[in-house]
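The structures considered in this document are given below.
There are two complexes below, and they share chain A, which is joined by chain B in the first and by chain C in the second.
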Partner chain A sequence: MGEPIIDVRDLRKTFRVTERQEGLAATLRSFVRRQRRDVNAVAGITFRIEAGEVVGFLGPNGAGKTTTLKVLSGLLYPTAGEAHVLGFVPWRRENAYLQQMTLLMGNRTQLVWDIPAADSFRVLQEIYGVPDESFRRTVGELTELLELQDLVHKPVRNLSLGERMKVEFAAGLIQSPRVAFLDEPTIGLDVSMQSRIRRFVAEYNRRTGATILLTSHYMDDVVALCRRVIVIHHGHLLYDGPLADLAERMAPYKIITATLRDGAAATIDLAAYGTVTGRDEGRVTLKVDRQGAPERAARLVNELGENLADISVEDPPIEEVIDRVFSEERVGTAT
Partner chain B sequence: MIDVYRALFVGQIQAASQYRVQSVLWMLFSVIRPVIFLAAWVAVANAQGGRVASYDVRDFAAYYVALSLVSNLATSWNAYDFEFEVRMGRLSPKLLRPLHPIHYAVVENIVWKMTTIIPLLIVLGFVAVTFDARFRATPVHLVLFVPSVILGGSLAFLGGWVIATSAFWTTRVHAVSTLWDRAVFIFAGQIAPLALLPGALQTIALVLPFGYMRGVPAEILQGAVDVPTAMLLIAVQAIWVAIFYALLQVVWRVGVRQYTGVGA
Partner chain C sequence: MRYLRLLALFFRTELQYELEYRTNLALEIVQIVVIITTSVGAVLILFNYTTVLNGWDLGAMLVLLGCFYLVQGFGELVLQPSFEKFMEHVRLGTLDFALLKPASAQFLVTLRNFQVVQLGQMGLGAVVAIVGLGRISTLGPGEAVAFAVALVCGFVLIYALLLALSTFAFWFVRIDNLMAIYWSFLDAGRFPVDIYPGWLRVTLSTAVPVGVAVTLPAQAISGRLDLFGLAVLVVGSIAAFILSSLFWRVGLRSYTGASA
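Let's turn to the complex of A and B:
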């Protein structure tokens, strides 16, 4: 294993925020004496990411995901700790670093509102010092992957949100970055556009070998793109390992879905096999202990006989696992 | 860097062309105030037998025409734009590019002036003829005006950026920038030519940087100061530009560490 592309050690970021109680008296008091409180947005996290990985960075709102991305991209200075990305200390914002990195934030624009994206691309080409030939090739690829043909010549203000996100993606990748931080890249987009952006990110990673750290509240993004996830909550790292192992480690149960033949669901008591969590006509959902799941499933098949039309044993939905992680804050790192 | 500036200019000219009517209206608005002061001083001078100290009516006309031109060339609205960018998170993408954000503002500033200079000159020509302005400038004055107005513009621009940078700490800088604009209004030669300010106020105006942004280039263009004095004033302008440049380096370096990326 070579040098990691992203190397974060005990990174911390504390914001000092001003607080004020409601009401006139509190407002007047705040003119004289302000109450301040320290908020530990990132409370000491450590992880490494290797070249070419696509890693999902998960956590509820306020977990510290975006703050971490801002520190790693160089936008914010940390309060303590170390980080190296591509061998650079991000917050020094050396040009050599900025030329190889991008931070794309969903719903945030970096394009000039009043001119077509193609003209913004030209400006970015000069700022990043991209040679003409590379620029043409990159724009050509991005145009093809993101289907931008009709979009880049319209003023950005005339584009829909989804169209704008696509040209924002292209603008953020003009310099062919080796590291991309994507913060909620599909937020606010319709299902079809989300899917297109996902395919694009996967294809971009495959073609360029870029390392990608991605935050998203849409688990579909994470499932489609990331084999590895890092979960943080209240600024602490809760889990770092394969997505596939997250459920195994964080949810000690499995879901058995049994589909019963006409009328059987009403007469057979399935509570003996596990905790019934849902009934939808003939489909009954059971939550069972992870270890005992095969044995319970076998019993269901044997004992229900012809009353059973279909049966499946699955991990709980990833959203449920994540929700469980956030609510219980189980700490663990896969090795 | 030349290629970068060329690309920024092209982009900014395209953006500015979308709002050319607005630009011209802003320019006209900026001329109204000096013309009002001109009319007021003409009334005062006429009431005093045609003169106020060393200025007669035609000198006032030349001064305020020159001041209007300089005000347009040396104006800077960075603090307001910068506050908006900090508050809305629009600064973040600029901070993450290998180009200091000040360069975008430089280009924006210059392009605005380019798009408004021709209609401005037409309007000022009309004012000059109407009020029978008398310029005493020699060719040497005209040559000295060029560095003087560039230094005045640079000083206003850098001063505006120093003020704007306080947004890193306060997020909102409107009050500070308004105070700065009021100081410009009082001490930069808008109310009266610096030479006509009463004793103490004139001393203060010559010590503070504001007069060197607008009043000094205007007086040089008008030909109100002799050539050696003009050169001395230009030297003082250069010192102020150096001071504000150094100040901006320090304030930026410290301030950018405070940036919290709110709204981004």
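Let's turn to the complex of A and C:
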């Protein structure tokens, strides 16, 4: 493998924040003398991302995801540590670097509210110095992939949230970047728009080979797009590895779902096989120890015999795994 | 060259936007005409009772008034809308986008928005200045060049001052009041800076150089600004531009976006 596209070593960012108690008196006190406190938003993280990868960056609110993206895109100076993206030090904000990257934020817009997006695209073309020929081709491709058509000719304020996000994506990709940082790209969108944005990101990555680092609160985004995830919490790296292994590493249990035949559910107590976590008519879900799962499932099949209509053994849902990770802060790296 | 093309493009997109709201456009034009005719009227009434105001006769006063509207028009054409937008960007965190473009962020932010209709104010200002000039008639090529240079310096001074003021937004976020104070100071520029009492004259010439920005071009066009004065103005404007740009960069370092 060649040089990594993104190379982060022991990156740290500390913010100095002003603290204030509630109430007028406290506000006045704070007006005169500010109480300050240091917050370690990013507390030493290290990872590398190769060309063409789509990596999910996970963590609860305030974990340090956006801060990391801002450092990598060049908006923030880190307090310590190193980072290289495409061989550049991001926070030097060299034009050669900015030309090849994009930062898309789901909750902010760079489009001018009162004019059609097509006009904003022209301005971006000029800023990035994109030749007419490739500008037309890129806009044509983006229009097709995102189904923009007439959306770009309406003033942005007349677009729905989902439509605006699609146009926002197009605006962020006018310069055909080699690296894209996506911060909550599907936030606030309805389910079908979310899945369209996902399909677009996957297709864009396939067509252009762009490297993508994405944060999202929607696990569906991550499951659909990322084979690899990086999990951070309180600024520390908790996990870096394949999404498929996350459950195995982070959740030491499996879920057995047993469907019982009519009537049997009332008489059979399944608590002996594992912790009963759900019961819906004949369907019972059990949480069992990961290692013991095959043996428990076999016993269920043997002992329930005729009374068992169906049985499945699965990893817990990814949301549950993540939730568990964040509430327990287990440390482990899969590299 | 690239920046000039960008500037033209910014101007065109904003023009398109204003043309969408025709009624608003018409009302703004009416407003400009009313304001300028009343202030010209006021000067005319004043000169019914006197022929000279501290060395400024009617012609010179009209030239000064014309310059005032040229400078103020420039401020309202591009600076006021751009700087207002800039402070909004700081508040909302959308300044991030400008910082991530492969071009001067200062340029992209501070010369980005236009109120195209203010070209009308500048045009009317030019008319008033020319009428005033007709009464003085000392305009040779030397004065014309000196005037153009002094006017550009006036624009640069106003720009530098606004840039320095708006930089405080990086620390205090809301500084609308500060800007309002500035605009009211600019109003003082419609009279020659030397008619004001000493302390105010010093303020208007140094800390808030609106007086200089208006008075000196008017003096230049009426042949009352010598080469030395012009040189001081040019050097001063360049220095103001460089210092305010440096200050802006210092401010930028404290900018962390609306949420980090």
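Keep this in mind: the second predicted complex is superposed on the first by the 333 of 335 C-alpha atoms of A that agree within 3 Å, B and C clash if a C-alpha of one lies under 4 Å from a C-alpha of the other, contacts with A are read in each partner's own complex, and residues count from 1 in each chain.
Heads up, the rule we're going with is that a contact is a pair of C-beta atoms (placed from the backbone, for glycine too) under 8 Å apart; a residue touches a chain by one contact, two chains touch by 3 or more.
This one's a predicted model, so the numbers in the text were calculated from it and none came from an experiment.
Asks: Aligned on chain A, chain B and chain C: do they clash or fit?
Replies: Aligned on chain A, chain C clashes with chain B.
Asks: Regarding the shared-chain residue A:277, is it in contact with chain B (first), chain C (second), both, or neither?
Replies: After superposing on A, A:277 lies clear of both chain B and chain C.
Asks: Name the contact category of A:14: first (chain B only), second (chain C only), both, or neither.
Replies: Neither chain B nor chain C is touched by A:14.
Asks: Which partner does A:208 reach: the first (chain B), the second (chain C), both, or neither?
Replies: So A:208 meets neither chain B nor chain C here.
Asks: Report for A:105: first if it touches chain B alone, second if chain C alone, otherwise both or neither.
Replies: Both partners, chain B and chain C.
Asks: Which parts of chain A are in contact with chain B and also with chain C?
Replies: Chain A residues touching both partners: 15, 70, 73-77, 93, 95, 98-99, 101-103, 105, 108-110, 112, 114-115, 119-120, 122-123, 126-129.
Asks: Could you please specify the touching residues of chain A with respect to chain B in the complex?
Replies: Against chain B, chain A makes touches at 15, 70, 73-77, 93, 95, 98-99, 101-103, 105, 108-110, 112-115, 119-120, 122-129, 155.
Asks: What residues of chain A sit close enough to touch chain C in their complex?
Replies: Touching chain C from chain A are residues 15, 41, 66-67, 70, 73-77, 93, 95-96, 98-99, 101-103, 105, 108-110, 112, 114-115, 119-120, 122-123, 126-129.
Asks: Per the contact definition, I'd like the list of chain C residues that touch chain A in the complex.
Replies: 2, 5-6, 9-10, 13, 16-17, 20, 92-94, 96-97, 99-103, 108, 253, 256-257, 259-260
Asks: Quick check on the complex: what are the chain B residues that touch chain A?
Replies: 3-4, 6-8, 10-11, 14-15, 18-19, 89-90, 92-99, 257, 259-261, 264
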